[in-house]
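Below is one structure, written out as structure tokens, with a few remarks after it.
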Amino acid sequence: MATTEANQSTAILLIHCPDKPGLIALVTDFINANGGNIIYLDQHVDRTEGVFFMRVEWELENFVIPRDKINEYFGTLYGQKYDMDFRLYFSDDTPRMAIFVSKMSHCIYDLLARYIAGEWNVAIPVIISNHPDLQTVAARFGIEFHCIPITKETKAEQEALEVELLKKHQVDFIVLARYMQVVSANFIKQYPNRIINIHHSFLPAFVGAKPYHAAFERGVKLIGATSHYVTSDLDAGPIIEQDIARISHKDTVKTLIHKGQDLEKIVLSRAVEKHIERKVLTYKNKTVLFN
Amino acid sequence: MATTEANQSTAILLIHCPDKPGLIALVTDFINANGGNIIYLDQHVDRTEGVFFMRVEWELENFVIPRDKINEYFGTLYGQKYDMDFRLYFSDDTPRMAIFVSKMSHCIYDLLARYIAGEWNVAIPVIISNHPDLQTVAARFGIEFHCIPITKETKAEQEALEVELLKKHQVDFIVLARYMQVVSANFIKQYPNRIINIHHSFLPAFVGAKPYHAAFERGVKLIGATSHYVTSDLDAGPIIEQDIARISHKDTVKTLIHKGQDLEKIVLSRAVEKHIERKVLTYKNKTVLFN
Amino acid sequence: MATTEANQSTAILLIHCPDKPGLIALVTDFINANGGNIIYLDQHVDRTEGVFFMRVEWELENFVIPRDKINEYFGTLYGQKYDMDFRLYFSDDTPRMAIFVSKMSHCIYDLLARYIAGEWNVAIPVIISNHPDLQTVAARFGIEFHCIPITKETKAEQEALEVELLKKHQVDFIVLARYMQVVSANFIKQYPNRIINIHHSFLPAFVGAKPYHAAFERGVKLIGATSHYVTSDLDAGPIIEQDIARISHKDTVKTLIHKGQDLEKIVLSRAVEKHIERKVLTYKNKTVLFN
Amino acid sequence: MATTEANQSTAILLIHCPDKPGLIALVTDFINANGGNIIYLDQHVDRTEGVFFMRVEWELENFVIPRDKINEYFGTLYGQKYDMDFRLYFSDDTPRMAIFVSKMSHCIYDLLARYIAGEWNVAIPVIISNHPDLQTVAARFGIEFHCIPITKETKAEQEALEVELLKKHQVDFIVLARYMQVVSANFIKQYPNRIINIHHSFLPAFVGAKPYHAAFERGVKLIGATSHYVTSDLDAGPIIEQDIARISHKDTVKTLIHKGQDLEKIVLSRAVEKHIERKVLTYKNKTVLFN
């Protein structure tokens, strides 16, 4: 979903820094005074931590600072002075996303259907799997597919192969669409807050393998799904999105798995969309989601 | 989702009739006494109307009445006597479904992904559209596609063409996956309670065209989607499934349409699944949904 | 829920005006430059209508403009110039709320329990009813109760009596907690956007009397509740909050009414809370809800 | 919510036993053959465990077995033979419920408002608290209140006092309405599956103290509440009901606690209602909820 109705290019600035009076005025002045037309502004102050978060987006057409100088100018004029952690994006820079899968197809179909229908401003150059099963899905949509099986022994070298592929395709971020493999800390380090996973439980309940079996055992009345950025702590990274579905004593593990699939794909796609739209800021193992 | 864990064939009996004491005992006795092993039983009594509803499913392996005689036997022994409206299905008879679409692809992708992944016991021999746009989607999944444009003038003859196609493919039921055409009463008559539509509002609010525009105008805080059987009353047929999503003053018509698509596809697929599993009974413009 | 953790007084400014660049900067500058510490800021731009909405709250302790002059200063310096529709509140001015009821007690108990527990910054000096039934409820909580029966013939004079009572108790806004009487246009005119009603359906579905009966007749799978400001159009005023509950074919009108009561009280209380916190802005029959 | 529209007395039978063909027929035959009119029947078969569950309710008017003999007759004729665990209730036997509280009033107000309004077929003879704070609430509704403070040292003797009170008031089951005390195993043993607790998280996430603080720390996007029967395993007893509310990065621990209160009271009341209606069966640390 484009955040602007117009077709023209916009700049997007994501900022977090120690809170101070006047920060919004400062940033909006910078944009207005230089001819930018703000079309989106959302901000949040975490008063406990004393941290200011902001997302602002403006049209570039009459902006006097050249596009490739904005980052430098903003950093020099404000960034250092206010101890800002900021990132600049342009709406016409299409982010490049890789999908990792194993054998289940419900999430990848949902992602690819949105991609092909043009719902998202994203490119998907490559799909990687540790199993050959979903090659046909990739083929259906004409996307390059690589089967890279992984064992404990081969993990390091196979992940090196994966990184090579990701680099070759200039991948910005990775979506683990029910990829049934723990990714190594070394791999994660290369894509900090840029690997999105879907876990099939309402975390922090039912961390790890077989959450539907665990949910069935415990007799819960709700099942959930959680999308989060992957960190080296298993299933403990910053949560982007969660949702639940109501179940009953009539459900078996099999029907939980079936019902859960609808949750998983929707929750994952919502998180991916937020990431593509640059509406997620990560801070201290939590996310700020602009809407 | 198969209703039995086993692979063997089952019979499914859907009944409604005037309520009387002992109806469950009667039906379960019939099955048990003849060697059938009941694996599913759900019943409902509408005490206002005095109507009894039942769905029962049993394994055929040791059932002494031959499969092709069950209907006759049950009708003779009980059906007439108790004024039962009953239908018999077999789990290994795969229902045949046609999809009607126009230009939007989100619902059809969701249906086809489930179909291809083997989620449902269904065959999809043909896709019909009044526009050529989604031919590529059909092609991706290797399904026969027919573009049958419709104008006021050509409606009767084009619908005749459609019916011919449906007959040729022995289609049991039809899914209107955002098919932007009102189907004629004559067409509907040939598929009573066998045409499933998805309407993009929580009916009965916002009947007719452009419900998201109407929702935006009214300033509602929730949007919805409704799947229902098509009757000759526009958007007024028996409701199978509904769901909603929360929205806010920040939403535009464009974002409502976008958010609504996730609702539409999930709500439609839930209804189609219930229909495939023969878990929907229709009575007086309402549905009884067995779970 | 207080919007500030501190106990000190704050000023709250609600603004809407034609959108222009620099409006946020302007308002925040006004506050910052005069020694105010902003503790809440939320804004929204309706790009279709070209309207800017803002809620800002700041601590008064070091604010150099005297409290009773802020309205005048802000109006003179910005309000007229930018064609602003603005309202100023102070957190230590406790709004005064009247409750109108008929015979059902679920909503009024929920409101009074929150009031007595100190959940809300509100005073409830008076309860008015067209029936005597809930006098005992008022007595339980020690609140003045008036039974003012209304017939078609007596409506005008009885409403005049009500207004007199409301004036005497300096009531700021009115909550219709399942008050089963249509309020006259003349009465409404005296409390524009200050009468909150709870309607027991997801409006605009099932406007008017007996919505649960209508929902049952239609065979919906969800029931809803809607809180809205009362206007002279029946059940058509600006919606503040809505929610739904899932029902099934097993529900009767009686169980719908029962399940709906939980919805009604929660949806009404959420709306009342937003109003008390001055987080609702009304514009063109819609609401902007700050969070 | 009465389970029968009529005012006459009904018998309710809750059964679980090893699954066998013909169990429904057997039980319904027993009732029909002896002149009982069945007004409710729901059953469930756990096919993994091979266990049959049933709830059946019938009108006593023309039932030939005397009310006080039904238990004996059913046990003799079927109970022993089919290894049934069964319990018999009568709709005109009003269950007696005690409420345990500490300092927070939102749950107890919700329970008492329903009780006073006659929503439930229940008697509430006594409220017990480890703090004096809510005495006024009890007084408002004219219910006997006992403040029984508990320390580690006095726990055994104080609980003995509580049990004495419960016995004196012939209490059938206990509702812990945010009672901030761990109940001893010895106490629980005397009310097996008859103590209902509300825990302020979606269990099994955030077991133990301060779940909202833990939820805030973890950065979840949903908070929950869980009502369950108390067992000697802390927060690990059979779950009766759960629900969730959506939160965001804007929430603080304080707003989580506030939003959670609405969840807690509704989730607790739903569980209490199911218990009062004898619609909960407990089996192997899970519940079967008839609807």
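A, B, C and D are the chain letters, set down in written order, and residue numbers restart from 1 in every chain.
FYI, a contact is a pair of C-beta atoms (placed from the backbone, for glycine too) under 8 Å apart; a residue touches a chain by one contact, two chains touch by 3 or more.
Remember, predicted model here, so these are calculated numbers, not experimental data.
Q: Name, by label, each chain that touches both members of the pair chain B and chain C.
A: Joint contacts, listed by label: A, D.
Q: Relative to chain C, which chain's C-alpha centre is the most remote?
A: The most distant chain relative to chain C turns out to be B.
Q: For chain A and chain D, let me know how many angstrom lie between their CA-based centres, rounded off.
A: Computed from C-alpha means, the inter-chain centre distance equals 42 Å.
Q: From the C-alpha centre of chain A to that of chain B, how far is it in Å?
A: Comparing mean C-alpha positions, chain B is 35 Å from chain A.
Q: Among the residues of chain A, which ones contact at least 2 other chains?
A: Counting only residues that touch two or more other chains, chain A contributes 5, 47, 248, 250, 252.
Q: Which residues of chain A touch chain D in their complex?
A: 44, 46-48, 53, 202-206, 218-222, 224, 238-244, 248-250, 252, 285-289
Q: Give every residue of chain A touching chain C within the complex, in rising order.
A: 5, 21-22, 24-25, 28-29, 32, 37-39, 41, 43, 45, 47, 246
Q: If we count contacts the way the header does, which residues on chain C are in touch with chain D in the complex?
A: Contacts found on chain C: 1, 5, 105-106, 109-110, 113-114, 116-117, 119, 140-141, 248, 250, 252, 254-255, 258, 262, 266, 269, 291.
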